[in-house]
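What follows is chain A paired twice: with chain B in the first complex and chain C in the second.
Now for the complex of A and B:
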């Protein structure tokens, strides 16, 4: 107890020196939590955007469909079974027909993935209502990435060539009716979305689909002949593998930040002990044992971390709440990051992150306070009194 | 503990490594100090005064020979036992006062008692008693930075004697003080020696200090050159 009181008295009375240490350390707390929260928020956002716009609550794939093998698309279509058709009629699922196609924008050709979707669907957060058309023109919806790569603008007409169910080539003009800004590049890059009924006519595939997207939290996962149920665990596995890769980078960044903070504390402790080695010699001369001396200086270091956590809470909590509510703006270049990202990231600060980081910083601070103290406590009192360091 | 002496050194030798060579700071020192002595180690710089004080004060250990301090062999003392011996039986007064800057005068004097886990009320009583001996009871709540050199050294004396130790070791206690303060400090220590029968051993080359000594031990090149008992009017 005596050591606790002395440690508290020492840091309380050290004034500016204590506050400088505490404020610098509190920056580390806030920076580490902020950046880790940013990573968490980014992952949450990416997952949500991907579910909303692409995977829904799970999917049924026609048996031949393999998204990684474009050659399977030729045969990846089938009549929608009754069970799934009922879900579609109840607006609990929406069908998508997928075919390979070629477009000819600006006198060049470009391979594209032609996707037919119900313009009235509400399962996916794709603005398909723009595909509702009364005239004979085929309306097409593309994403901003596709618009950029093809040079297409709203109102442009572009020649589309495809093969119907019998393998016969056909062509027509489609009109770009909307360019959507989506965070999910997998529904954008190289893709044209057109009304599914129109596409069924064009391809001679009445009432057929390639995949059926279920609504979120759909309990339906029955076995259906010729179709395979894909749950979200399966659908998200690539994304989660990507998260893992990115999170390794994030963890390295987290560790680097932590190490920088610890280096600052270590330097501060070294400097502090260097300045106070005569004081340590005096304490030894007055009869303080080595173990008590180590306890005292280590506790002082740990108390700095506790104070820093309090100071960090005072300004960090309002700051982090503000950033969590308004989001953190990202530059446009982050679109090349590799997966769905909004132009603003909303950091997610969990209790686990905050408590975990606080405990981690406390433990590491205590360790880096202990190490230099242990070294100097091994000095002979006479050397410490003379101000020798080694 | 042998009642005939408080401290006894035999063939005490201290050698410091100095790169490829060595420096002999003490060479076969044989001395006995009895309880209640007011002795001074005098001699030029490098004669071994501070080294001898450090060994007697258990802050350092001899390279060869033995030093018996209050019945304990310094050369075999563990760090912990040495710390306990210092805390309970030996008081130190340093040339540069070595007060703890963030503590008040009261807290500085109280510190050795804190290490003994003494009860608060008893601590307070002893601290105020010690401050009264040195005439600084009214400055108990001052910080060291607010004191003059003479006052600081008196606080250091109070800190050294607050636990009523058998032995007080003072290394050049007046080196940073003017003549008036030096005399004041020495008179205070004489009174404490008389009042508490505390043994004082000084290292000094200050003539003002020598004027107060009962016994003067002259060191040169690590050897005792002269050991004399002095007749002083003030000690009669």
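Now for the complex of A and C:
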């Protein structure tokens, strides 16, 4: 207990030097928690948006369908099996028919992915209700990225050319009825959404689909002939691999921050040991063992981290609460990264993150504080009293 | 009156039959004129785009309607680019990257060198009489020459263009104009012969303008510099190894 009191008095008396270290370390605390929270929030947001708008509660893929191989799209369509049809009728699943097509926006040529979806579906968070149309025109829904790349606006008519099930060309005008702002670029880039019944008629593919999206938490995962069940683990694996890569990249940044803070602690310790030789000699002459002396100096270093945690809490908590509620605005260019990110990221600060970061900084600070004190082990009290370091 | 009615009942079907037969015969003659066992063509393609025009020159070796090997001769940027079509597969070779790429799926819909022709158009089998049911719908004049106007309706399911209209030179059996239509009846592409030339005993199109009617631009002008029919072509032209030579 005496060592604790002594350590506290020493760092308290160090005055400005202590506060500079504490403030630098507190910045590290706040920055690490903020960055980690930002990554967590971003991952949560991306995952939620992707599930809501793209994957639902899992999918059934027609056997030939491979989203990474556009060559498979020609044959990736089949009649919906009875089991899945029942789910669709119960509004527990929704079919999507996918074909390749060409659009001619502003009289130029652009490849597109034509997707047919039930306008009344509620499984995915796509505003498909805008596709409910009473007139003869083919209504089309596109995303803002597609609108930007094609130059299309709401109300525009664009020529669409496609091939039917037999490979015969057909062409018609489609009307852009809505431009959706979606965070999920995979349902936006180069895609046109039209009513599935209209698309089936256009492509001569009655009651056919390419994929069937199940509702969230759907217990259905039965084996269906000619269709493959894809669970969320499978569907999200690429995204999670991407999160991992991003988090490794992000961690480099906070390792640098931590290293800078630790450098300050390390320097302080070295300076303390150099400047306080006589004090050490006196303490040893008064009967303090070398190990106790090492404990004292290590504790002084570690106390910086404790104080930094307190200081970080004072200004960090209100700051992080504010950021968590208002979100962190992203520059426009971020959209092209291919993540399902919104305009703002809302960081997610969990108790585990805060406690984990605090413990990590405490442990690292203690280790860094201990390292320079090893010199004390070789210290002779007589030399120390004379101001010498051996 | 009864005599006229009797005459009409007897003669009308015969007249209709003869017209169908004649349209069929015209189409067969068109195919015969266009197709050969082999041919070597040197051609120039002038692409009229929105940002000006580009000229591409190439030499093509063709065997039946299935296989072809094309080597681009100009401009310098495209020189050495080769294209091999074997049946329904198409490869391109670029000397800059020294890589051979299989063109398939959606890539077949891309235009060739920015022209109005897609790879699919190049791969199209041209035996029209096997794919379409022709109907003679009239006569017209194209390029100052008398033409039969035929309407072709798909007789098979797996066919790219549901219907076509062709203007066939009455004497030379060369289509001087062609319109290709979508299933909905929408005009997709047109080809118009601007000049003809005699090669051996056949009349062939010397200058043709291809136009994708769904986009703007002046179309693509295709000029045949020289054409030789039924010349022997060595088999090695039609192998992937030829692309890298």
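The rule we apply is simple: the second predicted complex is superposed on the first by the 344 of 390 C-alpha atoms of A that agree within 3 Å, B and C clash if a C-alpha of one lies under 4 Å from a C-alpha of the other, contacts with A are read in each partner's own complex, and residues count from 1 in each chain.
Methods note: contacts are C-beta pairs under 8 Å (C-beta built on N, C-alpha and C of every residue); 3 or more make two chains touch, one makes a residue touch a chain.
All of these numbers come straight from a predicted model, not from anything done at the bench.
A.B. asks: So, A:149: does it touch chain B (first), chain C (second), both, or neither?
C.D. replies: In the superposition, A:149 touches no partner, neither chain B nor chain C.
A.B. asks: What is the contact status of A:228 with respect to chain B (first) and chain C (second): first, second, both, or neither?
C.D. replies: Neither partner.
A.B. asks: Classify the contacts of A:9 with the two partner chains as first (chain B alone), second (chain C alone), both, or neither.
C.D. replies: Touch partner of A:9: chain B, not chain C.
A.B. asks: Looking at A:247, would you say it contacts chain B, chain C, both, or neither? Reply first, second, both or neither.
C.D. replies: It touches nothing on chain B or chain C.
A.B. asks: Contacts for A:111 in the overlay, against chain B (first) and chain C (second): which applies, first, second, both or neither?
C.D. replies: Only chain C; A:111 stays clear of chain B.
A.B. asks: Looking at A:382 after the superposition, I want to know if it touches chain B, chain C, both of them or none. Which is it: first, second, both, neither?
C.D. replies: first
A.B. asks: Of the partners chain B and chain C, which touch A:289 in the superposed model: first, second, both, neither?
C.D. replies: first
A.B. asks: First (chain B), second (chain C), both or neither: which does A:71 touch?
C.D. replies: A:71: touches chain C, not chain B.
A.B. asks: First (chain B), second (chain C), both or neither: which does A:133 touch?
C.D. replies: In the superposition, A:133 touches no partner, neither chain B nor chain C.
A.B. asks: Applying the document's contact rule, which stretches of chain C touch chain A when the two form their complex?
C.D. replies: Touch list, chain C to chain A: 50, 104-106, 109-111, 154, 157-162, 182-184, 186, 188, 212, 214-217.
A.B. asks: For chain A, which residues count as touching chain C in their complex?
C.D. replies: It is residues 70-71, 73-74, 100, 102, 104, 107-109, 111, 159, 161, 163-164, 166-172 of chain A that touch chain C.
A.B. asks: Report the residues of chain A in contact with chain B in the complex, numbered from low to high.
C.D. replies: Against chain B, the touching part of chain A is residues 2, 6, 9-10, 13-14, 278-279, 281-292, 380-382, 385.
A.B. asks: In their complex, what parts of chain B are in touch with chain A?
C.D. replies: 54, 57, 59-60, 79-80, 83-88, 92, 94, 98, 100-103, 107, 111-112, 114-115, 117, 159
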